[in-house]
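There are two complexes below, and they share chain A, which is joined by chain B in the first and by chain C in the second.
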Partner chain A sequence: MQPSYLNVFLTFARNSLIRDMSFRMNFILQCVSSISWAVMNFGLFKIIYQHTSSIGRGSGWEENEFFIFLGTVWVINSLVQTFFMANAEEFSELIRTGNLDFALLKPIDTQFLISFPRINWAQLPNGILGAGLIVYSLIQLSNDSNKNLQLSLAYLPAFLFFVACGAIIMYSVMIVLSSTSIWLGRNQNLYTFWFYITNFYRYPMEIYQRSGIGMALWGTFTFVIPILVVSNIPARVLAQPLGTPWKTWELLLAGYTALAAVLSLVASRWVFKRALLSYRSASS
Partner chain B sequence: MAARVMTWWTFFQISINERLVYRGDFMLGTLMRFLPTLTQIFLWWAIYDVISTNMAQGNENPNGEIAGYRYGDMVAYYLLVIVSRAFSSMPGLTRGIADQIRSGEVKKFLIQPVDMLGCLLTQRVAHKLVYYLIATLPFALVFWICRSFFVDGWPPIDVMVVFVTSLLLSFLLGFFLEACIGLVGFWFLEVTSLGFIYMLLNFLLSGHMFPLELLPGSIGAFVNFLPFKYLAYFPAAVFLGKIRGTEMYIGLAVEIAWTLFFIVLARVLWHRGVKRYSGFGG
Partner chain C sequence: MRLWPLYTEAMPAIEIKNLCKSYRVYQKQEGILASVRGLFHREYKEVHAVRDIDLTVDDGEFVAFLGPNGAGKTTTLKLLSGVINPDSGTCQVLGHVPWHRENEYRRRFSLVMGQKNQLWWDLPAQESFRLNQHIYGVPREEFDRTRDELTDMLDVTRLLGQPVRELSLGERMKMELIAALLHKPDVLFLDEPTIGLDVVAQHKIQQFLKAYQQERRTTILLTSHYMKDIEALCKRVVIIANGAIYHDGSLEDIVDRFSGEKIVTLQMTDGRSVDALKNLPGLVEIEAPKIKFRVDRDDVGRTLSDILASHSVDDIVVEEPPLEEVISNVFSEAERDRVRDQSAADQSTSTGVS
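Coming up: the complex of A and B.
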């Protein structure tokens, strides 16, 4: 019998919500702290924009455009932390303790089963805040008489599509990272490593496009681990830092993002399967 | 007295060996710590680039600085803050103390002639020493690569002395400040959230996130009165010559005062807490 993936997912979501709600104070504090990080970040860039008109010469990332970018980063971060982060960590733990045995025995796809059991609802408010920041900055931007922002509702599906691509890429990176714990025995630094990697996508990619090291970083994080396009492409759809119509390279990069999402998902599936082959349980 | 020294010495040795087990992981971790600095370098480069272009066009911001920081100063600041944090950050201290109180492990300090805070301090000193031993190499490498950001070169010797002193004090300040938060566990069993809030405040108020000069006037003045700035900002600002002369020595004196304050506070909390404590079970 085919298991109903949707029903299983909804049950996971419900269970996680019940669990979050039974430690309500902890839940609220988690919300508050993740929102505080975001607000502090916002404050830093508010200060920076008092001193400069844009980030990167001629890049078009002026204040309102950049805050659309920042909002997009929050949305993607929140998606990743809500749906994937806790599960990736749990997966490492399952490998270390040998409890992965039980997941392997269940009559459902193992990758699905380890990917979604825990949904961290407390990280969701951050994404809502990000969406709010995007909307607010868009209004500011369209009221700016110096800018000629061409925006219609047609952009929303495109934005959501590229956000989804971004989330898929981040999910794949995470699955690959946590699969390595099968070979390494344990991967304590998963969260740290994730923090260091996401550091790169928090800023417009133009800042790297100068000097040899910068270009090397840009190339690595665009074509090897495609995390720069995760935030940059959806943000560009709405902020249009260089106006419309898009330049050829922007179009190419957008097409590449969709391709990268598919490729990284396939790659993560492959790595996951390979890793499972090397799994040798533990203790018992 | 000799017995006492022997006890501390044993704790010290155990902690050192404990740390040396994972040295490879350690060195890699230290190098990784500089990755965010890499993005900072590029971010601020892009920002200062625009400022200097505007300057050439005769627009606002006449000297291409942000709150008195040139581009090199800004990057150097972030690098120096990592050094400050290497002294003042105490990962797991608050949590450890609170856990010991909650689980009842703290009882062992009530029956043994060993002081809990002293024991923890010895462990920290050992851990930090091992850390410096292993981390010096990656630190030196990164600073050598980044030497061009230190526009003014090495500071004069008296500044260096204050810099090193403030770093050592920031270790003590960080230790006793976090110990105090952990000891609050005698009153509230769950201090994880308190530790979280502390971490958050610390990130902003210590200058870990950005130089405190960037804060708007009134907030900046307020933050200057708090102890947090000695955990990251102060040593870096001294090194870069942002705080100099009398102001520098006053700052150092205030840091000493804060350190003494938290040492005393930790003692008081410990004694009050132990009186309040009731151990159950095993």
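Coming up: the complex of A and C.
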């Protein structure tokens, strides 16, 4: 009588879809708003690239490379918003209302149970759009006679691997943040925090490496809260702004990304378990 | 098939020793200034929700937890289901320590809370049931059979496909019960399962619980404020007040211990006798030719023979006072004890200081 984690996950996915579909207009509006955000984002950078040919001298982030980067950001954003965002928010709410009780009663890993119940399907189109942007920019880039893009299908697994690492890091950050609600009683900073940090990971890390303040930001968001590697490493795999083979520091950073994913997952689990020990279960 | 560990046959289903749990509660004064002060300096009060509880429940028992609001009933149930950790004391349910939250334990019990719901609000109950099937790893055929039996017993089969938010409170509670029973728990904790329900729904749930418990011999702990629930279901009643066990015994014991009186109703043959008796001590009401009064348990025989010697009586009914009344007396007595203890404690501290 072991629980089937896959079946539980699929039931969550299915129930969320049924639920989203039953509020049809809401679902459509959510899709429309997230897609229009992506389109405006795209337009903004199109305008910026009318003024300059690359972001940062010698960084290699020219227009097509950057749009691969942007597509990657959309893909990760959409993964996080589809699978984790609503759940992390819901978790804070479960703590505040005392409804976490039910999750604690179930004979299944509690962190798993609170991590996936709501899957926000309306955020997925954004990711598909991101994948489209990546493919389109890759084609543009490979047609560019000035560039010597080395691509084969072997790059796809590497890209997906680092996207997965990125998603794991983002997931861990969110779980840690929402777990703090157990001690704080209430934590409504999730969206705000998400907005702040995604502001940083939406750009190539080279833009930070010019000044003292920039380096401080780069160091913090690479080694303390490792969100810069979330978008930068997978995007580099495809866009190759500095060409191939990778420089030593690029390889080191890639290895670090995998390590950071494992470490942040372990850390998030630790914080989660510590937090559960302090759970008070509000009211009757 | 049930996989009983061998030792549980000999062991009680639930064994609690010296269990304590207290909360620190923020004491906020009224007003905006106090709120600002609260940002810098906060005063907390220690609330002893559960104080040194000892309790043993045998396999297959149906025990009621009675107590005023805030007495510690729900906290005890939460400790027993491992939702919260105690400050001190030990507890074993089916051989497991609840707050270790082992999956082997969690597969064998259920908690139903009348004030909270575990079903997906926007989806039909059957979707939540299916989710529980996967979480508890119940084989499909067995699951479908149990579900059909339960929905049939509670008469909600036709509502399985309706979103939970469109169910009435009574219907939703029945669905909550089903969700909690689909994995056939050996121990069931029910925290006010009939709260807010109308009499028909209450009765239906009582009947169901009774039949279900008789058939499966599930160990059940029930808290409720409805005496009807308790009269209908539980032989043993545990009264909790101020976080401690105040009484543990049968319902009859409670009435014997806490109510020194009986209620006597006489139907007199003529109005003159009613007039003659209207100054009777302990008079409750007169509805000629009926007269109702209270009398000390020990004096019932003597009082009645006195009356019968000088008046003509058509009918005599001697009853226990209503259970609600007895229980409310118990609660007030417990409250008086608490206030006394508190002031004694305060006095000893103040003497200590001076």
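We take it that the second predicted complex is superposed on the first by the 283 of 284 C-alpha atoms of A that agree within 3 Å, B and C clash if a C-alpha of one lies under 4 Å from a C-alpha of the other, contacts with A are read in each partner's own complex, and residues count from 1 in each chain.
Convention: contacts are C-beta pairs under 8 Å (C-beta built on N, C-alpha and C of every residue); 3 or more make two chains touch, one makes a residue touch a chain.
Computed from a predicted structure; not experimentally measured.
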Clash or fit, chain B versus chain C on superposed chain A: fit
Partner chain(s) touched by A:248 [first = chain B, second = chain C, both, neither]: neither
Inter-chain angle, chain B to chain C through the CA centre of chain A, in degrees rounded to a multiple of 10: 90
Partner chain in contact with A:146 - chain B first, chain C second, else both or neither: neither
Which superposed partner A:206 touches (first chain B, second chain C, both, neither): first
Touching partner for A:40 - first (chain B), second (chain C), both, neither: first
Chain B versus chain C as contact partner of A:196, first or second or both or neither: first
Contacts of A:48 with chain B and chain C, given as first, second, both or neither: first
Minimum distance between Cα atoms of chain B and chain C in the superposition (Å): 6
Footprint overlap on chain A, comparing chain B with chain C: none
Residues on chain A engaged by chain C in the complex (per definition of touch): 1-4, 7-8, 11-12, 15, 18-19, 22-23, 98-99, 101-102, 104-108, 110, 113, 277, 279-281, 283-284
For the chain A and chain B complex, residues of the former touching the latter: 25-26, 29, 33, 36-37, 40, 44, 47-48, 51-57, 59, 189, 192-193, 196, 199-200, 202-203, 206-208, 210, 214, 217
Residues of chain C defined as touching chain A within the complex: 23, 74, 78, 81-85, 101, 103-104, 106-107, 109-111, 113, 115-116, 118, 120, 122-123, 127, 130-131, 134-138, 163, 191-192
Contact footprint of chain A on chain B as seen in their complex: 29, 32, 35-36, 38-39, 42-43, 45-51, 53-54, 61, 66-67, 193, 196-197, 200, 203-204, 209-210, 214-216
